[in-house]
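Two complexes come next, and they have one chain in common, chain A, joined by chain B in the first and chain C in the second.
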Partner chain A sequence: MMTDNTNFNSFQKQRNKEEMKRQLITFVLMIGFTIVAFAIVATGSMQKMFAVPLLLIMAVVQVGFQFYYFMHMKDKGHEFPSLMIYGGVWAAILTIAALVAIVWW
Partner chain B sequence: MSHDHSLNPETMPQEPEKATLEGKNKFFGLWFFLGGETVLFASFFGTFLALRNSTANGPTGDEIFGLELVFIMTMLLLTSSLTSVYAMYHMKNNDFKKMQLWLAVTAFLGIGFLGCEIYEFYHYITDFGFTFRSSAFGSAFYTLVGFHGGHVVFGLSWLIALLVRNAKRGLNLYNAPKFNTFSLYWHFIDVVWVFIFTVVYLMGKVG
Partner chain C sequence: MSTATAQKRGFGAVLWDYLTTVDHKKIAHLYLFGGGFFFILGGLEALLIRIQLIKPENDFLSAGLYNEMITMHGTTMIFLAAMPLLLALMNAIMPLQIGARDVAFPFLNALGFWLFMLGGLLLNLSWIMGDAPDSGWTAYTPLATESPGHGLDYYVLGLQISGAGTLMGGINFLATIVTMRAPGMTYMRMPLFTWTTFVTSTLILFAFPALTVGLFLLMFDRMFDSAFFDVTLGGNSIIWQHLFWIFGHPEVYILILPVFGIFSEVFATFSKKRLFGYTAMVFATMLIAFLGFMVWAHHMFTVGLGPVANSIFAVATMAIAVPTGIKIFNWLATMWGGNITVSTAMLYALGFIPSFTIGGMTGVMLASSVADYQYHDSYFVVAHFHYVIVGGTVFGILAGLHYWWPKMFGRVLNETLGKITFWLFFFGFHLTFFIQHFLGLMGMPRRYWVFLKDQDLDLGNLISSLGALLMGVGGILFLINIIYTAAKGEKASADPFDGRTLEWAVSSPPPYYNFKQLPLVRGLDSLWIEKREGNGKLKPAEPLGDVHMPNGSILPFIMSVGFTIAGVGFIYQPDNRTWLLAVFIGMGIALGSMLIRSLKDDHGYYISKEELEKEAD
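Let's turn to the complex of A and B:
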């Protein structure tokens, strides 16, 4: 019983380590996206028409990394969190669309 | 504390933060709360987007924003997100000391972020006379960014209270969910900041 438990722990530790490695890669990518986003704006090398959608896409990707890797939404047992967050995102899109549309007209 | 809550390290379950009913409830409760927070911040973002050009002859975003400071703040908060991931990694490996260390690093990075934000607001008010009452843009800006800053203040208070209260308890099934709940909340603060630096500062500079 005791040995089984120890083996299990070392297996679990290995798994945690691999998970940590993935999270570290996620972090490097997030830093990369951030630097690119700031560089685009600081150098002014891109027209507004292209820059704005690109900045927004990079923000969405970065937030996806945050949710799925840092906050573990990719793991099992996260159906409820997904429902809550996507529910929130749905309401958020409607709210922003409505407020921006009011001004547009 | 009941017997269940003080299991020794050899029998610590894989996911100590979700091993008890209380832990599961905290986990679900926090995600429910984050769904609501998403809607709350969406209304601030929507308001900001609608009013960001209504400057009433006051300062515009392009005139006052400095990308250097925003970049430093972004790096501080992003790194603090990673350090809280490290803390949860050590929690899952049942290493209380290292978890405490990384949570303390998280707190210091958060304080650094907050310091920069206070300086930023002070700079806008004293050097540009840009206040909450300057224009509709001013109101929308301070409401959105200030509310995020308020979340950072709350998160820091929460974290410090957790660290102090549990300093001598060690890690167990009673407090593991508490640390995990905090870490999820802290990541969410970073999620909101990603949209703030993109929508408020970068898009404000692009035009």
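Let's turn to the complex of A and C:
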């Protein structure tokens, strides 16, 4: 019994350590992305045609990090929140697409 | 803390109890009284409208007052009457149906109610202050941005505050249903009313933000000289229509889906049969909700979106008739071969099917974008949406109230009075609105305060107004029934209608902790299963133990008062900057209350096992 417990604890410890590592890596990446985004705009080194999509892509990746790592959507038992979030994203995309197509196009 | 012993309490104690309550059953009472109050208000406005239109060129109401009347009738009925009355039933019944002791966030539940109530009162304060909103319940720009006076400011702030309350309610119900179902209550064992509450809450969650955004833009345009909707400064007034209907179309499903749930319970109970096609009903509900987000532009066919957009939205709209049709046939099949009892609740359900089907049929007619050019802004539209909202939502609320009144108040509503009310209301309703289809087809436009004589509109309008009076009599009779029942009604047993679902397993009204032990659910219609295969009692899923309960709090009320004071400040600050003081004071009160709530730990209290053992079953 005693040994089982220590085994479990060491397993848990190992997992927590890896989880912490992942959190730190994503955190650093997100800060990096933010710095890059600011740098692109501040220095004006990139043409608008290229800068805007790049900024959007980096924003999407950051949202992904936020959802999957910081809000634990990658873990088990988050099927329902995922469904709701993707439902919301779907409703929002639909709305924006329709507005763009009808109002401004 | 226990108030189990029945004793007379003073008025002050009762008032304080309701001001501070976080119990879902008492919040349901509050929603019922609040929504009922606004329903009477909206009903009186409807009667004034019909008196004005009783004869040609009537001068009962002036043109401006008439505009305010139709605007406030629509806004009040949708936001402040129909939705809160549905939230009342959801609050009262849904936690019981899933075997929970309360909703997930009791404090938030109370806050949601008080925001709705004070937002609604703020909106109606405009009557007393002398200019009510007058741009129609849809508040189309530029009419709404150009409307003089403060009427539209009341509309914006009142709806913003009450809308925040509704959004909280929706999120709360979602969290409750996802996390607090009793052991064994899988998703596909949930009663249909719980399912529709769940799907409706999803709609609230996704639809209300569009209204919030729209209202903020309108507020900035009116108060802070922005130009989101001002064409002369590069804005676009059509965006308001889009935002409003992106919210507004899901909103009409927010009104109808819960009553689909109510009728499903009523049909199953009073036919003594399992609901026909349960799985199809669940998926039809989801499909309606899903499609509901892709059809908003059918309110805007005549705006000039072009034939492609119009066709897409027309086809999407017609597609909704399919899941709705599935539901209608499933209800008919539930009754088929059943042992039917025609109680008052069942009468409303029976009256609902033909009434709502007519409304659905005119809906498909309106969905045809080509024909819509003819119907648009005529009384045909007015007839259509009253057939679905009164014939659907109001019948559903009345059915739900008759069905669940014993569970909410411990007494059964008088059946004789109830049946007389139904027939008066049913005939009054069809008399009022059926003829309006033809008035519309003959060319009578909606929202006009007079019509000329000898254009074949006289008789139709007279009939319509007489029908409205009949509905008014029906409404008064319902109030008499409530008072009569409160005074002399028979005490209800736990299960007066031989019910099938969990809420009938606890006493009427339920004890404040709902379930002594959380029940074990063995299938769909869990109580019915125990009646057939067990001893008629639900098996407990846990040993008797301490029950954790939340403490009451006055903070939700104070917070809402703060936001309302800030709202009044926002409305009048363009006139005089000293009104900003009200904004600061109000926001100070609201944010201060939030701070107290965040910093002060409140872990609730426990009802001890011994205390529970003492109480009778």
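Quick notes
Following the convention adopted for this analysis, the second predicted complex is superposed on the first by the 96 of 105 C-alpha atoms of A that agree within 3 Å, B and C clash if a C-alpha of one lies under 4 Å from a C-alpha of the other, contacts with A are read in each partner's own complex, and residues count from 1 in each chain.
Heads up, the rule we're going with is that contacts are C-beta pairs under 8 Å (C-beta built on N, C-alpha and C of every residue); 3 or more make two chains touch, one makes a residue touch a chain.
These figures come from a predicted structure and were not determined experimentally.
Shared-chain residue A:34: touches chain B; no touch with chain C. More residues of chain A are touched by B (comparison of chain B with chain C).
In the superposed model, A:25 makes contact with neither chain B nor chain C.
Shared-chain residue A:102: touches chain B and chain C both. By the touch criterion defined above, A:89 reaches chain B but does not reach chain C. Within the superposed three-chain model, A:80 lies in touch with chain B and with chain C [touch as defined at top]. Residues 80, 84, 87-88, 91, 95, 98-99, 102-103 of chain A lie in contact with chain B in one complex and with chain C in the other.
Interface of chain A with chain C (complex): residues 80, 84, 87-88, 91, 94-95, 98-99, 101-103. In the complex of the two chains, the chain B residues touching chain A come out as 10-11, 14, 18, 28, 31-32, 34-39, 41-43, 45-47, 49-51, 67, 71, 74-75, 78, 81-82, 85-86, 89, 92-93, 184, 187-188, 190-191, 194-195, 197-199, 202-203, 205-207. Interface residues of chain A, counted against chain B in their complex, comprise 5, 12-13, 16, 19-20, 23-24, 27, 30-31, 34, 37-38, 40-42, 48, 51-52, 55-56, 58-59, 62-63, 66-67, 70-71, 77, 80-81, 84-85, 87-89, 91-93, 95-96, 98-100, 102-103. Contacts from chain C toward chain A in the complex involve residues 174, 178, 202, 205-206, 210, 236, 238-239, 242, 246, 293-294, 297, 305-306, 309.
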